[in-house]
Amino acid sequence: MPYVNIRITREGVTAEQKQALIEGATELLVRVLNKNPATTFVIIDEVETDNWGVAGQNVTSLRRKAKS
Amino acid sequence: MPYVNIRITREGVTAEQKQALIEGATELLVRVLNKNPATTFVIIDEVETDNWGVAGQNVTSLRRKAKS
Amino acid sequence: MPYVNIRITREGVTAEQKQALIEGATELLVRVLNKNPATTFVIIDEVETDNWGVAGQNVTSLRRKAKS
Amino acid sequence: MPYVNIRITREGVTAEQKQALIEGATELLVRVLNKNPATTFVIIDEVETDNWGVAGQNVTSLRRKAKS
Amino acid sequence: MPYVNIRITREGVTAEQKQALIEGATELLVRVLNKNPATTFVIIDEVETDNWGVAGQNVTSLRRKAKS
Amino acid sequence: MPYVNIRITREGVTAEQKQALIEGATELLVRVLNKNPATTFVIIDEVETDNWGVAGQNVTSLRRKAKS
């Protein structure tokens, strides 16, 4: 009965991509630990780029610099 | 000083229902562990059905199948 | 399919008390939101008192002051 | 490679304040534990006041009472 | 810069299995969302079976019943 | 009433360092958002190096390579 929480920045991820994450994470737990998929939860949190920081800077700024 | 995090799918839960969850979780911690309600936090996260997977499928699909 | 995470300090909570928390949280989700208990997860995290702070002080210190 | 998750109520926090939290939390980990800022994550979750409870009441009610 | 948190019961998972989860989750984020592995975190939490409940019962009890 | 969760690897962090993290995180929330320290929680999770992955490798391996 695993619980997988995937946190990513909210940057246009599609429902298909999110479904692929759900499938992939579930298969991973089945393959490696023989877990029952029926009680495997995968929850994806999409976080605004203003709310995610790396190296002391928010991702909004990091993306802007990467483009310029 | 407990911290309770309740994660549910975002499917029209009302403010009254959320208040009932907050009250119920707080009372549970007081009753079972004699915790001080003044420093008991309850945080409810409502998660889009596209972002919650069970058995390798997102809840959007599961709800659609349940209806058909 | 709710997920409930209860975080408390590690201070001698018994298996019976933890079972009471699991039952109570599950019943709460069934009662308030009509959730299916079979896919309701409750996870209890017990945190060392050195690792939990309130008001800028760890709980180890707060307990010591409360006793003296 | 620390991970810091700051959960606050959604009450008009600005992008500048969120950036200050990101910087401050990163500096804290560098100063106290000599962590590498390049792999220090800070994620801020803003939670609706209906979804956050203290002392068995949601913060929406608590704010209303504080004003009256 | 994704963050993946895998929560499982503490039931003799080996370091090799945990490494397989770390690799698999990282590859999943690279494959589906083209994320940079260098800033992809995977954290595994192993939870005592007394502290994990499903269907209102702790996993310690569920395992015992499954055996008998 | 903020909640701050700091997750770090378990590598000999002292109670004094943990207290410094608790104080620093509390002061940060007071300074930036004028939060009440009395209802500011800081919880530190120390994670085994086998259970934390970056770039697809667990931290146990990364530390060994850094030394050699």
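Which chain is which? They are A, B, C, D, E and F, in the order written, and residues in each are numbered from 1.
The working rule: a contact is a pair of C-beta atoms (placed from the backbone, for glycine too) under 8 Å apart; a residue touches a chain by one contact, two chains touch by 3 or more.
If you want to know which protein each chain is, UniProt gives these names: A, B, C, D, E, F = Tautomerase.
Fair warning: this is a prediction, and the values are worked out from it, not measured in the lab.
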{"item": "Degree value of the rotation bringing chain A (Tautomerase) onto chain D (Tautomerase), based on Cα positions, nearest 5", "value": "120"}
{"item": "Copies chain C (Tautomerase) and chain B (Tautomerase) - interface residue numbers shared by over half, same or different", "value": "same"}
{"item": "A-E or C-F, whichever has more C-beta pairs in contact", "value": "A-E"}
{"item": "Chain centre separation (chain D (Tautomerase), chain E (Tautomerase); CA means) in Å", "value": "26"}
{"item": "Centre-of-Cα separation between chain E (Tautomerase) and chain C (Tautomerase), whole angstrom", "value": "20"}
{"item": "CA centroid of chain D (Tautomerase) to CA centroid of chain F (Tautomerase), Å", "value": "15"}
{"item": "Residue list for chain D (Tautomerase), restricted to those that touch at least two other chains", "value": "1, 3, 7, 25, 39, 41, 43, 52, 54"}
{"item": "Chain-level touch network, classified as line, ring, star, complete or other", "value": "other"}
{"item": "Interchain contacts (touch definition) - all pairs", "value": "A-B, A-C, A-D, A-E, B-C, B-D, B-F, C-E, C-F, D-E, D-F, E-F"}
{"item": "Chain D (Tautomerase)-facing residues of chain A (Tautomerase), complex", "value": "7, 47, 50-58, 60-61"}
{"item": "Sites on chain F (Tautomerase) touched by chain C (Tautomerase) in the complex", "value": "15, 18-19, 21-23, 25-27, 37-46"}
{"item": "Touch list for chain C (Tautomerase) against partner chain B (Tautomerase), complex", "value": "1-9, 13, 17, 20-21, 24-25, 28-29, 31-33, 35, 39, 52, 54, 59"}
{"item": "List of chain E (Tautomerase) residues in touch with chain D (Tautomerase) within their complex", "value": "1, 3, 39, 41, 43"}
